[in-house]
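The following blocks contain the structures, represented as structure tokens.
Look at the two complexes coming up: chain A is in both, with chain B in one and chain C in the other.
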Partner chain A sequence: MSTFNHADSSVSDTEETQSGEGSGGVVFLFFLIGLAASLIVGWVVFPKLLYSQKHQPVDFNHVLHNELVSEGCESCHFFREDGTFSGAPKLAQCIECHEDVQGESEEERKFVEEYVKKEIEVPWLIYARQPDCVFFSHAAHVKTGKMDCVTCHGEMGESTTLRVYESNRITGYSRDIWGHNIAGFKRNTWDRMKMDDCAECHQQKKEMLGSVQTQKEGCFVCHK
Partner chain B sequence: MKIDRRCFLSLGVGAGAGIALSPLPWKITDDLSIWTQNWSWTPVPATGEFTTVNTICTLCPGGCGISVKKVDNRAIKIEGMTDHPVNGGGICSLGLSGLQLLYGPTRIKTPLKRTGERGSGQWTALSWDQAIAEVAEKLNAIRTSGSPQSVACISGATSPTVSRLIDRFMAAYGSPNSLSVPTFIDSYRAALQLMHGVAANPGFDLEHAGYILSFGSGLLDGWGSPVRTFKANSGWKKSKVKLVQIEPRLSRTAAKADVWITINPGTESDLAMGIAHVIIKESLFKADFVQNYASNFNEQFRKLILDNFSPETVSKTTGVDSASIIMIAREFAKAKNPLAVCGRGQGNIPGGMNEFLAVHALNALVGAINREGGIWAVADMPVSDWPAVQQDSTATTGSRRPRLDNAGTQAFPVAMSLLNQFSSALISGKPYPVQALLMVESNPVFTLADSESTRNALNKIPFIVSFSSFMDDSAALSDLILPNHVYLERMEDVASAAGFNRPLIGLCQPVVTPGLDTRHVGDAVILLAQALGGAIADAFPWDSFENCLEETLGDQLETLKEKSFVVDEGFQPDSWATAFHTPSQKFEFIPTALASKKPFAPINPEGDASAFPVILLPYDTMRISSGFIGNPPFLTKTIEDTVLKGTHSLIEINPKTAQTFGLKEGNMAMLQTPKGQAPVQVHIDDGIMPGVIALPRGLGHVAYDSYLAGKGVNINRLIGSVPDPVSGLDAAWGIRAKLSKA
Partner chain C sequence: MKNEHDHTSTKKFGMVINLDLCTGCGSCMVACMSENNVPFKEDESDKLRSITWMKVYKLTNKRPFPETDICYLPRPCQHCEGHDGHSPCVSVCPATATDYDMNTGIVSQIYTRCFGCRYCMGACPYHARYFNWFDPVWPEGMEKYLNPNVSPRMRGIVEKCSFCYHRYQAAKDKAHLEGRKEIEEGEYQTACTQACPAGAITFGDLNNPDHAVYSLKKDPHAFRLLEKLGTNPKVYYVSSKEWVRKAGDNYLENERPAWK
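What follows is the complex of A and B.
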């Protein structure tokens, strides 16, 4: 049955070509249209659709603050006594200076009025938060591994404003994890924070480090 | 130019190629895999700074100290408190799952009033003011009609101050019917009362015992303070302390014991007497104790034992061969720091006094009383004074009426409360019917023997108020629910851990601020008293429970808030010379009060042997919580499928017994007892004696949530209560039964 159909269609193909309408070119044109359209969808439209853009509740100037504190990043992003990492500062820390409005900035006024006075924590959007299925310890990397913040977080401390946070509509996680290049290309160590990026460094440091993570490759070493 | 089918196909191919050359498929695959590994609806502990709150777990009488980790106001993990004297950092699986009780769906969120038929699950929410007003109105009407005695309260409260507050409420209101939920500790207390003449709790110096003779106690199945006992067992294993388990079935304790002795169920006191016989006959007893600190040993006890309990005689009733009896007796008497314990399984049923008196007599024979490694009488701690209740005339008349449970009567002078007999009075309606019932931290419909009759009797009570935090089987039958905070939200004192051998009090502290519209039952009682007014309100000079607690605990409260427990580390029990306050001022092997009774006579199971050829035993396991607290889902997950399969309870049965009933593994069978019947699935197991079958306690809830309701059989439906002739407490250790193929 199928053999017969096949033969049949090939017969009709030959007929069309013979009719001399140059349809080979048309067919190729359609191929190119399809190709181009889907390349545009895949490379341009899709990333736009995949991520929603969110603005931080309050803008923040790292440079300005960095000048005023004595211990660099750790002044605000510090390790707690039990070794856990504090991450984004809580209101309690900000209040130490910002009980009242200090300067001229509109953003600071908003911060003091909307959050400090009302005692509401600022719902900061965390660019670098890993999915919940990942264990990550800052202490192991910063204290034991002596890594600096920039290796993973880039030049965050040199920003004068907080960039737009892009949230993945499927997973809900930040775009920073996959990286800004939709194809996953990266130039700097901090451009992407996927498992391969962890592995890359852990492979390189294999000799140097004696931690469990660098020696074993079981899933549950890093995943829960 | 002709556009035909091939053009579209080509377009499709081009699109496909383009998509393949773009990151889209790989990115979507990656995102989907991340999404499926991190379902947004799966609860994830909050991130942020941990704080730790130390408090006491009150999910069982174990009294473990716990450290609860939290982030902001969200509790995220419960761990054992490392420096707590009872559990030293350990925790059991129930304690570990406690957060599911705090955050689970079965919590009652606000005061509720029944709107449909009883038990139909139709409720409407009330405000606390409305709820208190409704209860006060009903209670007022009953009082005005002149029968305050017809209001009863069943309380399993873990806080001594809450218990006192409830007793005080009942006294001021005018009812003698304030009942508590008893355990094996109550039987031990009765034994200490009768043999030592003291009001004291039993304390077991497990950590220093040198030989353990356990008469069916589930030392590794949740007896006493479970985590402490587990730890003690590890110590025994290390220092090669022998554990002898006497039990008709291979419980976890029996499996881990050095020696497991199977015994005809219910004959444990006979075996203890048989062991005593060998010890006396071979003069292996502690002569100093027996001669100087015990009364009437030679004339009474020695004679009783030598005349009636030779190993040969005892071996006939118990099924334990006389050589084993002799061997154990010698080992026990010669060991350094021997200790005999009883209280079956977890000790949830108080048990027969014959066993407690016989086993305690064994300890006395070898001098294991108030000595290192033995059993200690830990006297009750003095409580701070509260002003006396000034009863009005209605209250005076009401509280003089007889208690419905016969506690403290001539028949049962040692008992303070006899919940098992209360349920018989409920069923019979005599000497007077109950018009209103208050239930605090108790689930009588589920936990009392003969639970179907209890349910019917409860259904006859016109007004039932539950203070439960959960929609448990009894709360589901009530008319009004005034939900209590759960333990992790409460501030209250906690009595010592069951069987702990030093004076200890704990403080349950709020780990999180209550998230639902619940109130501490102590506050609810105070509000109720105030709403009732008059002399009742006057009896409660506190404006809140916390205020009452502050006054009651005084300076101790501050220390308690810091560490959450206060223990008398250097406590030493009274020496033999000063320990006994019986009529003879000595230890009484046969208590004076029982001279005319037969204190060591075995308790027979209910039922006729010809109609019901086998004996059904309930058993306890660490994986099922069988009291007021129902299993949290995590714990239910751990139940083996030889215990619960789907919704079927499995009955443990010896291959020989199964053969006589024509049953095979996995068959469905109908289990019948004089109290009722239930379908069960057969599980054949060599670990149980022929002629005995067993079901776990704690399954077969009809309420709670879908994680618990409808799973298995509630064994209490199949067992009646047998009042102990001495204590009056429930002594039923099993019941006669039969199986037929279903």
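What follows is the complex of A and C.
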């Protein structure tokens, strides 16, 4: 009798353990699914949703223009006499050549008809536009620092088409500022243009370190 | 921590304001507001909320007629050096939003860094710092007059006079383009200096013997505000009147002031 009882209880014990293991597996499975879903949302869906994709008003061909001008980037992106940088060219500069359609490109025809003839400035989307609080001196970097345009802007001059402009829906800033890699990895100097990226070089400028608080460069060197 | 820089070999921008010339017209205040995108308030007479980076105070000698005398005193941020750059506001800022630059002697305020605790306002003995109680609102069309070189400030942060640092940056930009290392005295002048019709304000590098302020600050009638606190400000005042010089600090009745 006692033997039977014992066997019976041992059977029921085993059953209980099995059912316990089974439910644990289901919970773990749900956990995994949840984890995977969260990771996908966080790393793939959210970054996609965060940035809106905008196309440039006119698809500009840098290579084509670079062949025709004599002074490289500075032919169109020039310094003004007061030391400021002109940035993206204004219509007045383009009109010098594009008063009428020159070639057979569909984009040029669109540019001449929609902007040149109507005398409307092209609302270019500036990939490298920094927030309002940032002061950046092109003259200091290009003229005194002898830096190349490529260091910060990448191989822009070798592009035949303008890539899609990604704008952060919350801040309105270009994705080029935050960086294209969602994990924050950076392969080229121009992949990201946040404060730390500027600091990479600026921390090495020993003669300029004057900040009392940080022992680095003064805040007003890059802020306004 | 002691900064290793020697301030005597770097620039130290400062001002000398001649109170004998100041007529109290307020041009400096207006020029400052428009230069630095200081927004309007619905009630500008509410001095607890209005923002005036440059403010003209009216001093009186508290004497009965006919000895009554008044003096106007323009007060920008004093850009205190303190000891080794530890000005009152820089020492208390928990956010590193305000900083002292040994290369220029200018106390910077980074608006995006500030979170509005207002410790600096409590620490500043000159009331030179102002808190934004509201987001800035400009009358319709007025936003087109904003200075693109100065970023506007949002609600909840502190702002103050920057000695028009953006003008220094602009002057340096030109120097970079022309391959010069240094800028001329006239290339970097604050908005208030240029706006003063009486020429009461002189601005320049206090460490540079070629600049006007270098010799003006040595005037026997020169004094600074609340010098006894040890704030070591970079704004000097000149007045031929003894009661004005005495009003620049808290002196006991029979105390002999630091200036001779």
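Here is the rule we use: the second predicted complex is superposed on the first by the 185 of 224 C-alpha atoms of A that agree within 3 Å, B and C clash if a C-alpha of one lies under 4 Å from a C-alpha of the other, contacts with A are read in each partner's own complex, and residues count from 1 in each chain.
Just so we're on the same page, a residue touches a chain if its C-beta (ideal position, glycine included) is under 8 Å from a C-beta of that chain, and two chains touch if they have at least 3 such contacts.
What you are looking at is a predicted structure, and each value in this text was computed from that prediction instead of being measured.
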| item | value |
| --- | --- |
| Touching partner for A:50 - first (chain B), second (chain C), both, neither | first |
| Contacts of A:132 with chain B and chain C, given as first, second, both or neither | both |
| First (chain B), second (chain C), both or neither touched by A:82 | both |
| Partner chain in contact with A:182 - chain B first, chain C second, else both or neither | first |
| First (chain B), second (chain C), both or neither touched by A:173 | first |
| Partner chain(s) touched by A:30 [first = chain B, second = chain C, both, neither] | first |
| Touching partner for A:102 - first (chain B), second (chain C), both, neither | neither |
| Touch count on chain A, higher of chain B and chain C | B |
| Chain B versus chain C as contact partner of A:204, first or second or both or neither | neither |
| Common interface positions of chain A, toward chain B and toward chain C | 82, 84, 131-133 |
| Chain C residues touching chain A - in the complex, by the definition given at the top | 1, 3, 5, 10, 84-86, 90, 93, 96, 98-104, 106, 108, 110-113, 149-152, 162, 165-166, 169-170, 172-179 |
| Contact footprint of chain B on chain A as seen in their complex | 16, 21-23, 26-28, 30-39, 41-43, 46, 50, 80, 82, 84, 86-87, 90, 131-133, 168, 170-173, 178, 182-184 |
| For the chain A and chain C complex, residues of the former touching the latter | 79, 81-84, 131-133, 135, 137, 139-140, 143-144, 208-215, 218-221, 223-224 |
| Chain B residues touching chain A - in the complex, by the definition given at the top | 1-4, 6-8, 10-19, 21-24, 26-28, 30-32, 34-35, 37-38, 40, 44, 47-50 |
